[in-house]
Amino acid sequence: MAAATAILQLICPDRPGLVSELSGWVAANGGNIRHADHHTDSGAGLFLSRLEWDLERFGLPRDALPAAARALAERLGGDGQLHFSDRPARVALFVSRQDHCLLDLLWRTRAGELPMTVPLVIANHPDLRPIAEDFGARFELVPVTAAGKAEAEARQLQLLAEERIDLAVLAKYMQVLSGDFLARFSRVINIHHSFLPAFKGAQPYQRAWERGVKLIGATAHYVTEELDDGPIIEQATVRVSHRDEVDDLIRKGRDMERLALARALRLHLRHQVMVYRGRTAVFD
Amino acid sequence: MAAATAILQLICPDRPGLVSELSGWVAANGGNIRHADHHTDSGAGLFLSRLEWDLERFGLPRDALPAAARALAERLGGDGQLHFSDRPARVALFVSRQDHCLLDLLWRTRAGELPMTVPLVIANHPDLRPIAEDFGARFELVPVTAAGKAEAEARQLQLLAEERIDLAVLAKYMQVLSGDFLARFSRVINIHHSFLPAFKGAQPYQRAWERGVKLIGATAHYVTEELDDGPIIEQATVRVSHRDEVDDLIRKGRDMERLALARALRLHLRHQVMVYRGRTAVFD
Amino acid sequence: MAAATAILQLICPDRPGLVSELSGWVAANGGNIRHADHHTDSGAGLFLSRLEWDLERFGLPRDALPAAARALAERLGGDGQLHFSDRPARVALFVSRQDHCLLDLLWRTRAGELPMTVPLVIANHPDLRPIAEDFGARFELVPVTAAGKAEAEARQLQLLAEERIDLAVLAKYMQVLSGDFLARFSRVINIHHSFLPAFKGAQPYQRAWERGVKLIGATAHYVTEELDDGPIIEQATVRVSHRDEVDDLIRKGRDMERLALARALRLHLRHQVMVYRGRTAVFD
Amino acid sequence: MAAATAILQLICPDRPGLVSELSGWVAANGGNIRHADHHTDSGAGLFLSRLEWDLERFGLPRDALPAAARALAERLGGDGQLHFSDRPARVALFVSRQDHCLLDLLWRTRAGELPMTVPLVIANHPDLRPIAEDFGARFELVPVTAAGKAEAEARQLQLLAEERIDLAVLAKYMQVLSGDFLARFSRVINIHHSFLPAFKGAQPYQRAWERGVKLIGATAHYVTEELDDGPIIEQATVRVSHRDEVDDLIRKGRDMERLALARALRLHLRHQVMVYRGRTAVFD
């Protein structure tokens, strides 16, 4: 297994010397940098940085690192987050009736492709209980009705808290989370079954078929209150033709959904994605 | 050079026996079928067929073929068109200031990739005259102003008639043709610089950048009065990242525009595209 | 569920009138053609055809169809095969220790993407028994050693016969089948973990990494005695970079392996693939 | 126009602190880093770095920079090269009879996509003189025969020296440069018309057709004495089918050749490519 690393994600106003200042801070504490990625958004006047270094023999104690990182970020007038590569995220999967993304993510987790554990699967239908439990996840059925949505979301939030969940993934959940929910738990990734911003909203495959497009796609994005409008992490497309019926689009689309969601999730979990101004910088 | 062929495109109500009836008609007249493609749209109850056969030794005289094809189509309650592979289309290219599609299409025509001639280039700016004339095309400057649009379009239509143009291609023309124009000349293909239906309308690259998409695209489509809503012939996408500025999107997009437009045009010119109900069937 | 169809695959020497003769034969027996695809290989002087028509109300009894098709093919001096869409193939999956293709194919079968059943999984290691049995397949462990290969293959052939297997799929089997085996059971599809003909043989990902390629791929092909040289059905590629280690190539490659194998298998099972002269025509 | 930058490419043995040391060196001299990319090849124990910073207000005089960079590299036990973004490379294009890559590169240069000038086109056939001269390049015909190859290469080297050429690009040159030539001028990029290492050597499209592959490709690489074995910069693939004849593969391949070559050249010219141990790291 790879040796543990610390990962600093930092966003601050751009000015000369930041690359040197940040890498100097790591070096001054005896750190060996593994990866250093930076991006400047000139229009926004922002500097984004991701630094990853070996934890072993680093001069600051692990416990002190998050506070040290925050202090560093404050000195630079920005925001900083510190992550540890040997602490896999605790991820909850929200599902409905379709099993392809659920099974794919559980398999990839077991295969070591995704640095996470899945302690919890929340579903609004009972169908996928066997798959979740096969992979050792707690399966909780939380039916959602128009009238009972607030109550259902309260229950979901309680479950997320109980299981100390870091990230929720809507793996074909087919339900919209309310602004209230997102205000209380905002780390949510969704897979949308179209090449956004084309075909926002419901039934994208049916509408793609009617429009006669020659490529269909899938989009993995962070969830925001504005539906299908959150920062995009990853997109994938596949060719279709007039010979494809709506069912064929759905079938081909499932492959793209799995690929886009798995890639996005891996990028997020390795802290390679930084969000700012409704967009993402992906250091891959 | 390949031997000349006749190509029948036919759309009619679906019923049993049509494949046999059509190929039987060709065989009964001594024709050797080279390609036979069919598609049934069950929802619409329509049968689409494209038959291509050798002209040499065919039993009906060439002059009589179009009428014979129309009669056949009428018997089947549908529409039929007959084309000859040795009659290259006369194509007018509409351009503005950007030269990449113009040069690409002229080069491909000279290289034998596109079965067409380009007797006419119509531009609303004078910049591209040298390229057009280098390749032997007549270059006509028709400036377009808000006030003088009707007059400009009248002039354009006159030029199309003069040069007996079969097809107009908007090769980064950056102007919208009016419904009046299209009512009088409807065989028009456009290249739109986005992955339709995402980013319809103006400045798609700027908007794609702002939205933070991870793929951009280009769409070649037939022009209809409803802007950017015509039947799609071909689409292409290319990956972009946060490191790409708007100018990079434009640069990468140009490659996709050229590819999508050239492919669409080749398909159209070989009579492999059939349009029905706002969609296309592409027999490639 | 879709109504049952008959599918004729025919290869014969090319001559005028074949399209009409074949579709006429179907029509004369009252058949309604759903799909008709043809291809002429001029160099080889061969005509390939795939016709699919509704079984319901067809004039010949189902039992008589295979013989009638053979007689038709003989009249044309070629070979013909008749298939029925409502008879799913009985497929045996050969596996070793890697589970991604096995799980993917079993999932796709259950999801209705692949018209087949999997009565049998043959493995040379015991690891994948739980997955096979979860999906209701008989799991047979047949260890293969250099000394005991002939014996192992005899056992495999016996199992294929017992379960009346139509097709064997090497889903990351990592073993080579002998010429003797293939002489006795030749309907075998393999997934090779490279973009053939690059990196034939062992350890393609390691060699791809050493060569520093910028794309890696996977190839699904029919198995012939000449290793990695059988007719190709489907290929897929994915981008890699210098940041990818061999393990990353393996991980990215797994996605391409699954996609290429699943697509190839679907095409084969729907009788859309025709093999001739070491190549395939794929009517998709 | 973008402000001028200095670009340092450095390869040295890996050890802790290098990122900080390099960026510290730039900062200590008052430089504002625009891009900083690093890569560690653990197996080889090598550290690769590319740093780009604003020239304006940098503390060291421009003239002194190359020597300062060499000294820095020596201190680290490695090799360093310094480039200036405002000094476009002088590139010679080697061509034969095919014009698509020549025209594409000249057009892209004029369009500002490639930071280079093309003072010289060397051809072994006279056909492409008009294109070269249209774009203002000196066109030199240097016929190559088996007997006169040494003489021809001497003439080519003389021309490269005369025009102070930084880089030669074999834009479908269809000739092999000798080891002697490469010993005297080694900065050469080639476009190979296959997805290397598949179909090394002559007639790759013919052989790809015969093998029945489902994707074809193109590979841009640095030229080494071992034919088609140099470090790969960029590759592209496109789908083909049984309906494509060899001529169609050639036509589709031309598009991939242009794309792969143009992308590779842009990466090289922006000093984003680093070569080591027969491989490339591409910082894009």
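Each chain carries a letter (A, B, C and D) given by its place in the written order, and its residues are counted from 1.
The definition used in the following text is that a contact is a pair of C-beta atoms (placed from the backbone, for glycine too) under 8 Å apart; a residue touches a chain by one contact, two chains touch by 3 or more.
Please read these numbers as outputs of a predicted model, since none were measured by experiment.
Shared contact partners of subunit C and subunit D, listed by label, are A, B. Counting C-beta pairs in contact across B-D and across A-B shows that the higher total falls to A-B. Greatest centre-to-centre distance from subunit A is found for B, with centres as Cα means.
For the pair subunit B and subunit D, the distance between C-alpha centroids works out to 37 Å.
Centres computed as Cα averages put subunit A at a distance of 41 Å from subunit B. Counting partner chains per residue, subunit A has residues 243 touching two or more of them.
Across the complex, subunit A meets subunit B through its residues 39, 41, 195-199, 210-215, 217, 231-237, 241-243, 278-282.
Residues of subunit C that touch subunit A in their complex: 99-100, 103, 107, 111, 113, 134, 243, 251, 255, 259, 284. Note for the complex: subunit A touches subunit D at residues 16-21, 23-24, 26-28, 30-38, 40, 239.
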